[in-house]
Amino acid sequence: MQNLPLAGYKPERTEVSVKDMTVGGREMILMAGPCAVESEFQMQEAAAAVKTAGGTVLRGGVYKPRTSPYAFQGLGREGLRYLTAAAKERDLLTVTEVIDPASLEEVHDQVDMIQIGARNMQNFQLLKLAGQSGKPVILKRGLSATIEEWLSAAEYILAEHNPNVILCERGIRTFETSTRNTLDLSAIAVIRKISHLPVIVDPSHAAGHREYVPALSKAAVAAGADGLLIEMHPHPEEAKSDGAQSLTPSELQQLASELVTIAASMGRSMNGAGSGLDSLRQKIDSIDSGIIELIAERMNVVKYIAREKSPDRIRDHNREQEIIKRLGRVAAELNCPAELVREIYASIFDHAIKAQLQDKAHRLDSAAYGR
Amino acid sequence: MQNLPLAGYKPERTEVSVKDMTVGGREMILMAGPCAVESEFQMQEAAAAVKTAGGTVLRGGVYKPRTSPYAFQGLGREGLRYLTAAAKERDLLTVTEVIDPASLEEVHDQVDMIQIGARNMQNFQLLKLAGQSGKPVILKRGLSATIEEWLSAAEYILAEHNPNVILCERGIRTFETSTRNTLDLSAIAVIRKISHLPVIVDPSHAAGHREYVPALSKAAVAAGADGLLIEMHPHPEEAKSDGAQSLTPSELQQLASELVTIAASMGRSMNGAGSGLDSLRQKIDSIDSGIIELIAERMNVVKYIAREKSPDRIRDHNREQEIIKRLGRVAAELNCPAELVREIYASIFDHAIKAQLQDKAHRLDSAAYGR
Amino acid sequence: MQNLPLAGYKPERTEVSVKDMTVGGREMILMAGPCAVESEFQMQEAAAAVKTAGGTVLRGGVYKPRTSPYAFQGLGREGLRYLTAAAKERDLLTVTEVIDPASLEEVHDQVDMIQIGARNMQNFQLLKLAGQSGKPVILKRGLSATIEEWLSAAEYILAEHNPNVILCERGIRTFETSTRNTLDLSAIAVIRKISHLPVIVDPSHAAGHREYVPALSKAAVAAGADGLLIEMHPHPEEAKSDGAQSLTPSELQQLASELVTIAASMGRSMNGAGSGLDSLRQKIDSIDSGIIELIAERMNVVKYIAREKSPDRIRDHNREQEIIKRLGRVAAELNCPAELVREIYASIFDHAIKAQLQDKAHRLDSAAYGR
Amino acid sequence: MQNLPLAGYKPERTEVSVKDMTVGGREMILMAGPCAVESEFQMQEAAAAVKTAGGTVLRGGVYKPRTSPYAFQGLGREGLRYLTAAAKERDLLTVTEVIDPASLEEVHDQVDMIQIGARNMQNFQLLKLAGQSGKPVILKRGLSATIEEWLSAAEYILAEHNPNVILCERGIRTFETSTRNTLDLSAIAVIRKISHLPVIVDPSHAAGHREYVPALSKAAVAAGADGLLIEMHPHPEEAKSDGAQSLTPSELQQLASELVTIAASMGRSMNGAGSGLDSLRQKIDSIDSGIIELIAERMNVVKYIAREKSPDRIRDHNREQEIIKRLGRVAAELNCPAELVREIYASIFDHAIKAQLQDKAHRLDSAAYGR
């Protein structure tokens, strides 16, 4: 990597800021929308669904690179209007793919971010222009690009003094046919070791089937992805492209609620809670289940701790104070009231003691009966 | 998959039970140990480290399939003794690889599970013998095996009336060279769709470098893996094989503590809390951070909910009762005291109301000043 | 392939004609030259070497798509002058790669053919422009493109009413690292079955090492390639790119002389005998060796024939007449004097009889002695 | 390759001799037969077809490694009898696959060579036993084995003091789906550089479709393969396995006749002319066409030579004498009568002079008329 002075490793990871959004920071960003912009109404529905789910960015292709010249090639300028209008109405950011100098110029002043697709990852002229444009760029990994080649492609953009590069893993080509491509989540760990650039994941193109998207999305977040770029269509069965791999709005909402706990376990917040009472309550339910799971796990671990300690030292006030202090700091950073933490942990500590005593008694009984 | 009557999809997923352990159930199983058994002392150290981290199974190869005939081929029967003695001392289960009829016979009565390696995935004679042995089998995916071929290999074992097959994804061969192989986590989702067999993940062989193992382990759990098979060596720098990809004992302990929250967010418990005060407290700290993250996220979502509701209906007692009732059920299943849930949520609800009122006031202020 | 009305199979294979040259006909076309145009003198030497070897087309990149932005990017317009001047002096055709609309426009009126490289195979905008240009296009296969996707890319050019598409196989990306890429010669057979387009082979990029180029070139011709596109540099050790895989002029000359007999065995002529007494005599020597090999093989087969026939019917004048007649027709098509064929075969038939008689005598002797 | 003292490069290539046959020498060996032995009659037909085509070895699987446990697993000992009896009747050698210690012991004294299949390439125990058996071994490359790993597998056999290893390239696993696997012919060139072992090619498993087998067979010979292992079935449509990729007897005969000229152009003889008047005459016709092609090409090159020489030196008796002398030596090595060479080249030289004079006259005319 000695030839990548700009994309190579730096101790401080880069954060790409687009208006209020920051990619590569504490928040895990959700970007979603249809593969292709098809109509005004479709985009309005899509934008509403993305907002409900808690997404920050609306995606939608208006210039489509298609394998066949006879496939739907995108609505162009008309589609761009639908995309931007729908996003504006829901207060979402926008991203769309550019495929050549003309499309880049066309979308430059209309969208918040541009995307360079897998097939154009080594279209070096386009990379240079994207660099010169100064726009934030989502750079997808080529289907058979090594991670090193991918970073070299990023270097083309960075070398034009545009630091706003977000890498996007979307699956590589392998022999396996049960998925469209093979999502390479190791790439996230490798990127974090050899580069400072933020990296998001597109699970949809890799999966090729919507039913695999939730598992891959969760795995991506757990692997350390800074965001997700998910295909969602208001009516996938009518989609002009990639319908099979597009989530429905309710599937996206469900997934988003489940991602919250994974993100939290990675020390990350989901950006934007979403909108709509149903959707928000779905998130709360998911979070609550997560809290109970953790508390139950905690109670379990506490029992093992008790067994390691001498019988007269079940309660360790110093340790309790330390925990409260540490969690107070964590809570403060997260704008969570310290008082709440204290209250909750008072209860937790009390019940922990009870559980430990019960466990001891149970074990003594068992021992007494030779068990 | 019509030709896989035994390995193909069934509504009820199979759980493979080995003594007290169940693979494929609610618990996420941790198996760890060195690539190769090298000495009695090495295995004692390894067993202690696995136990401390909360692992359930000690792995260690005594018959090694090596690319070169001149590489270390394993200690054989002597190594088997070291493996089983160390595991017994720490109350761990054991797994070791078999490579031919002779090694299968040798280990049959000594270990709890046998492993069939990637290179032997289509050694059909060995698969049949493994089937006839009745032992639980961890069947690794071949380096270039499709998922369908992998399940067909499992079918060979199942067809001999041995239902105890655990699949193990360990990376496939692709063009990418920054990792040893490419871990195919999509395979977990695919297996869950087309089969009923439990599936675990070996992140170490795929990664080839220990620094990528934690991220891949977390991703595997989030993708739905039923367990992890991790290479750990007391002194990786002295390992006779695969040292570069082996975690140290403390790295394994650290990883295990971090996995708890991911597992919890997937509705899974880590099997065995581990041993040793330090290790258990490390787990508690990780769980506590996870609890605070979730509570903070909850507070955040709650604010958005308030904005959707009419000003006079901030507090919704019915909803609160529903939540308490639902979480009581969840807690009961997890052996977590209902009383604790009630106490905690009383505090959470109170603080949620406070936060909502503050947010409203803040927003009214902002509106009043035209912001 | 039902969606490729233009690139799909037709009974009559397409021949692409460029001035005097026809690709896809009886002649096997040799195209060669350096990866990158570096200087006027380099191109003069290269052109001389290509001419000597019997090549028809001088290749040389002036706009280079490079993985790193810091690698040599080509001489542009200046390089174009060197390429075309050197080719003109030696009466060679020219081909160079285009990478974007600007480079296409730049080279359009200067070169005889344009090349679209592997990395741009799905740069659909460039494909359309190449189609509109009407220029003959060499379309390289993408590193991870399926044959179907490759033909779909060709369809983009054909759909713009440009029928002059020459496909070029150059290796695909696999796990094997001893070659740069894996040359997929099956692709030639597949293309011939599902398309009518001519297909040539670039063995240099696939091999990555010059020592593998001769074997791959011969294999390509035997697989049915319509031509070869070979990297050759007057001084490979000084090349600015791809030196390791470039043949020297004398290696190219040697290879060309050896290819003559393989091409002949495929019913193909090498286009252009070459120039320079040494080079031409090298070709004659190679052809002469081939003739003797075939005559020896013929004598061998004839002996087996004799053993199948009754002893009194060694000479079969009807069969001889048939052979002479058939070969006369073949010779006529190839502008080879019928008289020469008659003379040669008179000798061949005579010696065949002698050999058969000797063989019989020898076998009778052996039989008489019980052997 | 420093770790492969036995399989690594040596200046002198190894020849593996089995009875009268030598693999790795001047002869290009043809091995053919059905994937699986199915019946006595099938094998009699197959043996007759192999003999007619000029093959030396009859192949046929009796222990079949099958992806599914429910697929036909081979006839075992019964099939072995059919294979060996049919081969004996036609004076052919035999090869069959072994899959475990038991099958190896079973076939050891019955067949001339054993084959280790792609799936067992890293079944190291089997490799060791194959080494200890002392039998000639055809070692197929694993579907995802690097060339280095393949040679390491060979090293296992060689290390048991069995030098009779024949490597067999049969295609590797890639993303391309129009063929079953991707035949890696570069492997032949690489093997010849880094090893001394003979290497043959199985085009059938790589192709997966019989129509691609001829092109791949020719390419393999031109790439330097020491032999071919081709699937041929008397009635492919009735085959129990691999019917789609099996040639018919007449297709094999046709292919063999066409291979003769390619082999000759590589300085190789096809081993065994074959049997049956029709088949032998087909070979003669193919050879004769090859001779005429070469003579026509020679006449063409000669014209170019004439243009390079001064007008008074059309005939160069010294050069003619040199050619005759050199070809005499070549002919002697091939047991071809020197007298025949002299007669033929007397005619060739005469006609060459005539053609050169005609060409000169024609060019002078053209020049005179300003053309």
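Some points to look at:
Note that the chains take the letters A, B, C and D in the order they are written out, and that residue 1 is the start of every chain.
Definition applied: contacts are C-beta pairs under 8 Å (C-beta built on N, C-alpha and C of every residue); 3 or more make two chains touch, one makes a residue touch a chain.
All of these numbers come straight from a predicted model, not from anything done at the bench.
Interface comparison, B-D against C-D: more C-beta pairs in contact at C-D.
On residue numbers, the A-C interface is repeated by B-D, which shares over half of its contact pairs, out of the options B-D, A-D or B-C. In this assembly, the chain whose C-alpha centre lies farthest from subunit A is D.
Distance from the subunit A centre to the subunit D centre is 55 Å, each centre being the mean of its Cα atoms.
A separation of 21 Å divides the Cα centre of subunit C from that of subunit D.
For the pair subunit B and subunit D, the distance between C-alpha centroids works out to 50 Å.
Residues of subunit B found to touch two or more other chains are 144, 173-175, 177.
Residues of subunit C that touch subunit D in their complex: 144, 146-148, 172, 174-179, 182-190, 192-194, 206-207, 211-212, 215-216, 218-224, 260-262, 264-267, 269-270, 273-277, 280-281, 283-285, 287-305, 308-309, 319, 323, 326-327, 330-331, 334-337, 339-341, 343-344, 347-348, 351, 354-355. If you check the complex, the residues on subunit A that touch subunit C are 3-4, 65-70, 99-102, 119-120, 122-126, 128, 142-144, 149, 152, 155-156, 159, 173. Interface residues of subunit C facing subunit B in the complex, by the touch rule stated above, are 173-175, 177.
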